[in-house]
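Shown next, in structure tokens, is the structure this report addresses.
Think of it as A, B, C and D in the order they're written, each chain with its own count starting at 1.
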Amino acid sequence: MKKKKLNLRVLLTYGILAAVCVLVFVLIETGVASRQFKSLVVPLCVNMMLALSLNLIVGFLGELTLGHAGFMSVGAYAGCLLSVYLEGTMPMALRLPLVMLFGGLVAALFGLVIGIPVLRLKGDYLAIVTLAFGEIIRSIILNLDFTGGAAGINNVPRDIYRGSNYLIAFVLVFITLIVITNLVYSKQGRAITAIRDNRIAAESIGINITYYKLLAFVIAAFFAGVAGVLYGHNIGQLDANKFDYNRSIEILVIVVLGGMGSIPGSLIAAGLITVIPEVLRTFSDYRLLVYAIVLIAVMIINASPRMQALRARFSVRRLWKLIRGRRRKKEA
Amino acid sequence: MKKAICMLLVCALLSLCLVGCGNDGNSDYTLVIGGIGPTTGVAATYGTAVKNGAQLAVNEINAAGGINGMQIKYLFEDDQHNPETAVNAYNTLMDKGMQILMGTVTSKPCIAVAEVAREDNIFQITPSGSAVDCIKYDNAFRICFNDPDQGTASAQYIKQQNLAQKIAIIYDKSDVYSTGITEKFEAKAGELGLNIVAKEAFTSSSATDFSAQLQNIKNADADLVFLPIYYEAAAYILTQSKSAGLETKFFGCDGLDGVIDQLGEQNAAAAEGVMLLTPFVATAEDAKTKKFSQDYKAAYGEMPNQFAADAYDAIYTIKAACEKANVKGDMSVSDICNALKAAMLQIEIDGLTGKMTWSANGEPNKEPKAMKIVNGIYEAM
Amino acid sequence: MEKTQEQTPMLKVENLGISFGGLQAVDSFNIEVQKGQLYGLIGPNGAGKTTVFNLLTGVYKPTTGRILLDGEDLTGRSTTYIGRHGIARTFQNIRLFKNMSVLDNVKVGFEHQYPYTVAEGLLRLPRYYRQEKKMVEHGMELLEVFGLQDEASYLAANLPYGQQRKLEICRALATRPKLLLLDEPAAGMNPNETAELMDTILFVREHFQMTILLIEHDMHLVSGICEQLTVLNFGTVLAQGETARVLKNPDVITAYLGE
Amino acid sequence: MSFISNLIGGLSLGSIYALIALGYTMVYGIAKMLNFAHGDIIMVGAFTIFTAASSLGGNPFVAILCGLVTCVILGVLTEKIAYKPLRGSSPLAVLITAIGVSYFLQSVALLIFGSTQRPFPKLFSLSPIRIGKDLVIKGESIVTLGVTLVIMAGIMLLINKTKIGKAMLAVSEDKGAAQLMGVNVNRTISITFAIGSALAAVAGLFYGLTYNFIGPYTGSMPGIKAFVAAVFGGIGSIPGAMIGGILLGVIENLSKGYISTELSDGIVFAVLILVLLIKPTGLLGKKIAEKV
């Protein structure tokens, strides 16, 4: 009974996302969509991947990190440098998966190396330490020669921007979504959620806290890295300053806005946060002001206890039950 | 169910920007020039200056009858100094029928946009994107100097005038402009036998307190500090060096222009004696600069900086090139670009930032002027 | 007496002690619990009962003494290790995984019994389905024992108090422990519920052949089901032995009623 | 000599961090929320003083008073409008609204004052102290350090010795229980925000005096650094925030002076990580043993 319901929810998420992807594809390929619309597609996918992966840490593991952009940058630099190196030696269809995997693995390795010492910390202390690691990574990238310093890398092949290659981004979002969903609804995912709900109880039934925390951290870092590689191959350049703590906070905004521990929530919020600032271009100078107000308003509407109670009263599910109840009465 | 509604909402928003950007069709009598730059975020000063400087030029040209009889429609989009946003801004402008691109203001976004602009073969002229890669394609030109040239020129000038024996550098490690100049400056200085005794860095996240850097320079006993940075950070350095009792000469590049206004009356003493190589100073006495500065101040309440001047010149350069190439309203974006590319090599502009001609690589040929701040105003050296 | 000599006791604790910054919370604590026994640990508030549990489960590391479970030395092991190697517990203040379903709470307890790798889980390989199916079956079996099968899909937080207690025991049993520690299982229950709980505990012992050590204040429960008792006072053992005899011990009565 | 000079530079930088961190900790420790907009309230305070000083005839005390009043009103209003509706939901939700408030204040300042940095009025003329030939201590730094110490002592007295302070402690422990004990939780939190924002105004004043220039984004970087300092010192600990701030400044300056100005950002954070790995609850934070 329960199992079916769960599968239905997951399938619904997959289905709606697939439908949206098809719709976007049709709009772009038939030329109905504007260029602005098209240029938003890949950044949106990048944000979705980042939000899904951060949600694993913040939503499911229940730990606050402010260094997600650091993993993104490590993955981006690793993958994009390899891509620059390999360009011309092999077809794109081979090179892209290879460099994405590489970027993801390097980021995951960083996640492991950083995770081992810092995951002993909790709460805001962990948040600060991850923020610190993100900034250290940025500082190091700025000081290394092969990363180009402040000038960054400017010759990353812009494969994803060209033609219909944005479809690759769709595929990546789906892979991220499926992996994260599968993880969450597995033994390992349950252990991770159990740690969030009650660490002490989880420990007492033999769950290895460090292992599962690291697992969540490493998988999240992996996808952040892949998202970074995707970002680099869309924009064609990397700049260490674009992966600072502000970027980490932006991802966190998406996760919290969508609801911690809600996978479809992350997807929807990524959409909102990517699209709203562009839609608000009509406000020109007042763009960011309006954005700030929208952010605060959405947050209050979405998360305040009073609004939640109100929503529960008027929820679609409740209405549906009411209608069904009446019908049943009539039949009786 | 709630999810479905939310997803629909996102779709609705997406389609809103789908519908919102139709072309208004009849562009026979207008020439659409698009501008891109940061008007919000930490680099907002530069973008705003460019936006305003160009607007002044557009107003003047439109009042005088436009370009080849066409009025200019000038559109400006914010990029928050972010390459991704800059590409979005570019595409938004393309949706709105942009025919010529004046931008972008900052280097990294400019490089990203240059890639896309090349694919569209749209004519691009950046007022202030100074990294070499900003104009690596043949459809792109620039008004400002590029970073390496400034570094080389500065070292040469210091050597020629024999300004210093021991040179210290303070540069912004996180900024392309600053690292670009510094790199070439060091190379040239080495070549010329100038002695660099200290090289101190800061980053965008520590750009207000310079006590340690200044102390290091003091320890190194430098007699000139080279500042390949923008005037905001320079203002901090100059005021703090005064209170730290550091008595060296200061030498900067075009980014330093604007430092007098930044310092304001109360800190004016800190700017005394600062030297810079720049194509433009807002307080210059020639009629053109005077009028520009007055108009700018009247319209926007503050003195223009070099960015505003570059943008002003960029618009007039577009005008001159369009007239030379006899650009017509019914020409396609790509045709305009091809015509302008040829015309750019033939025109000569006597702008706010000096007399300019262009070579095929898109770089302007113009002479920087060496200036020194004396009694609160610039004096030619 | 002969019995203890011929088989190793399930739990044997020797000279266990811990001090927190000079305060000796538990001192030279000895206990022997035989297989299948129902053993009670009682004492006034602050006597150090829960501290003993925390020592047994590795939450605190003892400063002196040894802990032997079925002959295996567990002294100084991590909580995770101990949880995996035979001691399961419940908590005084219920600690469920509140935002997970009832069934999932139990499934988390199966951590080491139905293993599959991360890759098998992510790729949904056959073993994932096989093991998950077994977990559901086994989990539902366990829930049925406690009459929780109809609530399997509820969030644990939404269960009434009494059922939360049961679920906690259920989750502890899911780890297939050799020894079950119950920390004040009857706290906050009315007499009817307590009576029901006593039946449940006895049933658990029968059904799973479980050795149980429990902390309790409710003397009715203690005298009703515990075979052996240890009384703690100020961190030291005040009395030990058969329930009826211990409860008659004048020292114990003084400790409980005051002088 | 240059060591002492660097140390003094670090102290002066650190005392600014400490001053900001005190206001941060106030709200952080009692309302249990990360007020990411604190840095921007500092910016608003500085701009208010700037505007008041240039339009109200330049009386410094009137200008400072204006700054204080504006910040207090702003702080209490943002709490009522943006944070209070979210009380009871996850602390992260409030963090996100605080980020929204931060964007909001920055955009408003950008629209009013433009993006160009403004020279902050020299409200007082403080002459630097010279010791020997090379040692110069800025007057502003000494005053900042002094004011920070006084404020720290003041807050500690307020919290430990007064009725409202007790109420604050109660609210920080458990809002529900405090309510039951007759503490007016809303009022207490409002007062906390009022004091925190007043401190932000003071920080804005000294920031302006020390660094001479203010802009719409002036507050964000010091805000983050102060957050780091507050956690470094131990969450909720008032002297911890003070020490955390000062140490952060000193470490930053010494690493610039003796290791590398190019890597200093990284070094500061590396030291921070090291300290937190050794002391996982900050320098003066209480180690909260979880009761099992």
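Just so it is clear, contacts are C-beta pairs under 8 Å (C-beta built on N, C-alpha and C of every residue); 3 or more make two chains touch, one makes a residue touch a chain.
Small disclaimer: the values here were computed from a predicted structure and weren't measured.
Located most centrally within the structure is A, per distance between chain CA means and the overall CA mean. More inter-chain C-beta contacts link the pair A-B than the other of A-B and B-D. For this pair, chain B with chain C, the centres built from the Cα atoms lie 72 Å apart. Annotation: 35 Å between the Cα-based centres of chain B and chain D. Spacing of chain A relative to chain C, judged by their CA centroids, is 41 angstrom.
Within chain D, residues 107, 110, 262, 265, 292 each touch two or more of the remaining chains. Shared interface positions of chain A, defined as residues touching 2 or more other chains, are 135, 139, 142-143, 200, 285, 288. In chain C, the residues that touch at least two other chains are 59, 91.
Against chain D, in their complex, chain B makes its touches with residues 39-42, 44-45, 47-48, 173, 200-203, 205-206, 208-209, 211-213, 215-216, 218-219, 232, 235-236, 239, 243-245, 262-267, 301-302. Taken together, the chain D residues at the contact with chain A in this complex read 34, 36, 82, 85-90, 92-93, 95-97, 99-101, 103-104, 106-108, 110-111, 224, 227-228, 231-232, 235, 262-263, 265-266, 269-270, 272-273, 276-277, 280-282, 290, 292.
Contact residues of chain A toward chain C in the complex are 1-3, 5, 179, 182-183, 186-191, 193-194, 196-198, 200-209, 215, 261. Taken in their complex, chain A has these residues touching chain D: 58, 64, 117-118, 120-125, 127-129, 131-133, 135-136, 138-140, 142-143, 200, 245, 249, 252-253, 256-257, 260, 285-286, 288-289, 291-293, 295-296, 299-300, 303-308. Looking at the complex, you find that chain D touches chain B at residues 2, 5-6, 9-10, 12-13, 107, 110, 114-119, 121-122, 128, 130, 134, 136, 138, 211-213, 215-217, 221, 252-254, 256-257, 260-262, 264-265.
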